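Okay, so chain A shows up in both of these, paired with chain B first and chain C after.
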Partner chain A sequence: MEVIPPIVLYILVDFSVYLIITLSLNMEAGYAGLPQFGRVLSVITGALVAGAIPGRILALLYGYPHGAEYASYEFNYRIVNELNIILEQSPLLSIGVFLLTLIMAMMLGAAVGYVTSRPAIRLKEAYLGITLLAMGDVVMLISLYYSPIIGGTTGVMVPDPFRWVGPYRFTAATLVLLTLSIVVLIVVERLTKSPFGRALRAMRDSEVAITVYGRDIARLRTYALIVGASIAALGGALYTFYTGGCIASTYTRLTWTFWPWAFMMLGGTGNNVGVVLGVLLFVIVKTFIVTYRGVLAPYVPFDPVWLEYTFVGMAIILIAMFRPQGIIPERPIFTIARKKIERIFTTLETPEEIRA
Partner chain B sequence: MSNDYILVTKEVTKRFGGLTAVDSVSIAVRRNTVTMLMGPNGAGKTTLVNVCTGVYKADEGRVLFDNEDITELPPYEIYRLGFVRTFQIPVPFQSLTVLENVLASMKSDGENPLIAIAKSRWIKHEEGAIRKAFNMLSKVGLSKFWDLPAYKLGAAQLKMLEVARALAAGAKLIALDEPIGGVDPVYANRILSYVRSLKDEFDASFLLIEHRIDIALPYADYVYVMDKGKIVTEGRPSEVIKNPKVIEIYIGE
Partner chain C sequence: MLPSIAIAKAVAYADSIALMAAGITLIYMCTRTFNFAHASFVTWGLYVVYAMTMLQGGSPYYYLPLAFLFVGVLGVAVYMLVIGPLMRRGASPTTLMMTTLGVDLVLLSTIQMFADFLTRTYRLYARRVVLEVYDFNTLGIPGITYVSLIIVVVLIAAIHWFMVKTKFGTAMRATIENPDLSSVLGINPNVVYIASWFIGGGLAGLGGGIASLAISGDPTIGSRIIVSMFASSIVGGLYSVYGSVLGGLLIGLTEYLGIMLLSTQLGGWILTYRPVIPLIAMAITLLIYPRGLAGINWGKALLRIKSLGGRTWK
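Take a look at the complex of A and B:
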């Protein structure tokens, strides 16, 4: 029983999660100009934290198996069911576990960002892109085939920190996700409308000039990768909590690297507001395709399962061909209000004109 | 001796494959002077600046800045010590505004993301930087265009943006690589006299690379003439201009 229609919930959840992840991508790719083709790596890091850690902590606290057997399909659903009963009774514990996990996800995400920054210091463009892409795939494949982490191909259930809310669980969880995605938007806006954001864009425009003007590009890249990865990991952890389960095969490079790229390119690379719009549009269209693909089936000459992939792929090609800057192109950014800058300008201009 | 000089190169050599672009060049820029480096196209002037600022690695020789050996340092370390340069072919930050281009030449604590998030920690510095940037922009006649993205500027304006960025960085030594190329003579004179006034006001030093000796020579304290990778002659402007080798290079060819 939900107050909001399921299709709207579905759109809002996808929007929130993808907004967080696409904003993080935009900071790295749009602002810093890095070929971040391994976004899935930090997303899966967050998912792994949420899938592997809170359940184990609770299992440890309440005397259930918490080692490799925690993730085994024979035990996992039973343990998590028990844990969920405990969580249902205790809102405080639920909230505590939820927040602690998010913090851990962001910290581990930051660490992963740091690790990816090591090759990023030396490699350029395509080489870096391929390296990041490969790193993402490697972690996904390890989590998929090494079952003690998150149950391998069968996955694990994740303790549900929203269960205590009762019948409106999905609505509540959706609203929490939406709120957090807006917090991320505000944080990212602040970060990018600052000397940090300016330095990233300057580096993107000319590495040699920013180096001559005193910036160590290795350090700037490291900053961007750490911040971006920790935000993306937050997105991964939130998605895992929402769905209540975690299976590595969900985290493909298609859905968590290339889709965010498509959303960013559609909305406007280097423009956070554009990203909001891009994610929203894509998610809505995608949701309608998924919902109504049964209806469309007779009219397409292939399995309609592929419709949403076809749509995203087509969209990427069309955007790249006809509007590479996206719906809302990048705009000049003012670190302080334009009015204030103008005031500084007018107080200085006249007396300081060129001395002959 | 070396304390009189802000920059000293000792037999610096830079080769590109079989071509020796800079051939055992030794120059010295005295503190608080405008030292000019002139020479025909392809003489190796820009290459020498690139080697001095760490953009290229020297094949041989040493570069000393402010009594410190900077031969092996990357450009950003050299900036930190107080040495910046402009690019002969402007390298603006294309999508940044004119104002932001100048701001990007000054470092801010707010470039650390942990500090960037707390606006109160960098806003004061930012306002000061904006004031300084506008000051520079008005000197080079670009303040009206402060909110235009750099890619919309014309060639001469981009040259001036290069100059404004370098001057705003507040360095001890600024290498200006043909700062007035393509700029009309009246304006060029203004810029160069402003450079001289900055030299006095901030005790700065300049290495000025210029082709247009008719305009630039009066603003120089000392001149090096370079040709085919080598220093041909050096001296006060009035002496150098009478040197037969210089006359040969500039007129006789």
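Take a look at the complex of A and C:
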């Protein structure tokens, strides 16, 4: 029983998760100009943390198997069921586990971001893009085939920190996700307007110029990648908590790297508000295609679900060709209020003797 | 050690990867576009051969030229409709890369629809393409091994002849070196770019057609092996078609045979990690020698190897 219709919940969840990830991508690709084709790497890092660690900590605390056998499909669902009963009775423990996992996900995400920054300070353009893409693929493959982490191809269940809410579990979880995504939006917006964000834009537009002004490009890139990766890891962990399960094959480069790119390009590369709009539009259209594909099915000789790919692909091509700046173009950043600027100018223009 | 059939299959697979990588490199050299759509190009090549063999009958080999032509024309269409206009507007390499990804998604959806169409209309198992049964067999080795080797050798010779001996090839090399200067001399760079997309796309289609006989295919085969193609291209140095062919052969063989050798030593579990091998090869190349195989000065390297044994002091 839910108060909000499921389709709205579905849209809101997808919106929140993709908003977090697309904002992090916008910071690296839109502001810093890095060809981040390995977004899935940090998303999967967050998912790995959420899938592997909170359950193990709880299992350790309550005396269940917590080693490699935790992730085994024979034991995992039994252990997690027991843990969920414990969590259901203890809201405080649930919230604690939830927050702790998010913090750990962000920390590990930051570490992964640091690792990706090592090739990023040396390589450029296509080389860097392919390297990042390859790194994401390797981590996905290893977590898919090495079962002791998150159960490999069978996946694991994740202890549910929202269960104590009762029948409104999905609504509550959705609202938490939405709130966190708005927090991320505010943080990223502040960060990109800060001197750091402006330095990133300057680096994207002219590396020579920013070097002349005394900024270290290698350091700027490293920071951008660390912050972006830790935000994306947060998104991955949240998604895993929401779905209550974690399986590596969900985290393909198509859904977690290329789709965020499409969302970002539609909304407006280098504009966080544009990204919000882009993600919202895409998620709504995607959901409608998936929901109403049955209506179309009798008229076409194929499964209408493929139209989703056509739609995203066409959107990328058409945006790149006809509106490369996106729906809401990037705007110059005003750091202080206009009135204040005017006041400074008047003081500058007034002759010395009058000012005194 | 390894059964000869495995080596034969590995050679055929490596040949197909080499052709695909040559296409990626050619397109990158001419138009500075790192082509993600190559994944779907390859898959379309595979499906052209599959659909024609199933519907028209005969040997799959008859349809290899058709796969080359079909995907070559597809490549020209992609260039004329999308990449060309973007290049004239001065789009950045990252934008071009991203746009080819959009093209790839559209083409992937058309392949999926085509596979659904084949399944529903002609009752074919279009989601699991196996054409091995249509291949001939000589001396216990599948025919595709001989044919693919001959195709690679002949094509590389043809490309070399085309680039060095013909007037158009010279124009092409000039445009790769310096587009502005060559257009001053009356070369139309647009024609060169179209040619590069035709040949590059055609090589992808041909590689896909060969792959249909060497491995089993499905609509996502392209996006699974595209990392191998990129890796071959980068190992080859990204600025030389010959280097990419060499890189493709190297990656294809290590991937196919290396993992089999490892599995006999370490056990079967390692087989699932096969896609990691091209990535490792690529990482090593980028870390140690980013200019790739084509960037190595072979004469100098040989001298150095020779001198290792002889004189050590001056």
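Definition applied: the second predicted complex is superposed on the first by the 346 of 356 C-alpha atoms of A that agree within 3 Å, B and C clash if a C-alpha of one lies under 4 Å from a C-alpha of the other, contacts with A are read in each partner's own complex, and residues count from 1 in each chain.
Convention: a contact is a pair of C-beta atoms (placed from the backbone, for glycine too) under 8 Å apart; a residue touches a chain by one contact, two chains touch by 3 or more.
Given the structure is predicted, the values throughout are model-derived calculations rather than measurements.
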item: Which of chain B and chain C A:179 touches, first, second, both or neither; value: neither
item: Partner chain(s) touched by A:210 [first = chain B, second = chain C, both, neither]; value: first
item: Chain B versus chain C as contact partner of A:223, first or second or both or neither; value: first
item: First (chain B), second (chain C), both or neither touched by A:265; value: second
item: Partner chain(s) touched by A:316 [first = chain B, second = chain C, both, neither]; value: second
item: First (chain B), second (chain C), both or neither touched by A:336; value: first
item: Footprint overlap on chain A, where chain B in one structure and chain C in the other make contact; value: none
item: Touching residues on chain B, where the partner in the complex is chain A; value: 53, 55, 74-76, 79-80, 84-85, 87, 91-97, 99-101, 103-105, 107-113, 115-117, 119, 122-123, 126-127, 130-131, 134-135, 138-139, 141, 143, 146-147, 149, 165, 169, 190, 193-194, 197
item: Contact set on chain A toward chain C in their complex; value: 29, 33, 35, 37, 119, 123, 125-127, 129-131, 133-134, 137-138, 141-142, 145, 254, 258, 261-262, 265, 300-303, 306-310, 312-317, 320-321, 324
item: Footprint of chain B on chain A - complex, ascending; value: 187, 190-191, 194-199, 201-202, 205-206, 208-217, 220, 223, 226-227, 270, 330, 332-333, 335-336, 338, 340-341, 344-345, 348-349, 352-356
item: In the complex, chain C residues that touch chain A; value: 28, 34, 82, 85-86, 91, 93-95, 97-99, 101-110, 112-114, 116-117, 120-121, 223, 227, 230-231, 234, 238, 272-273, 275-276, 279, 282-283, 286, 290
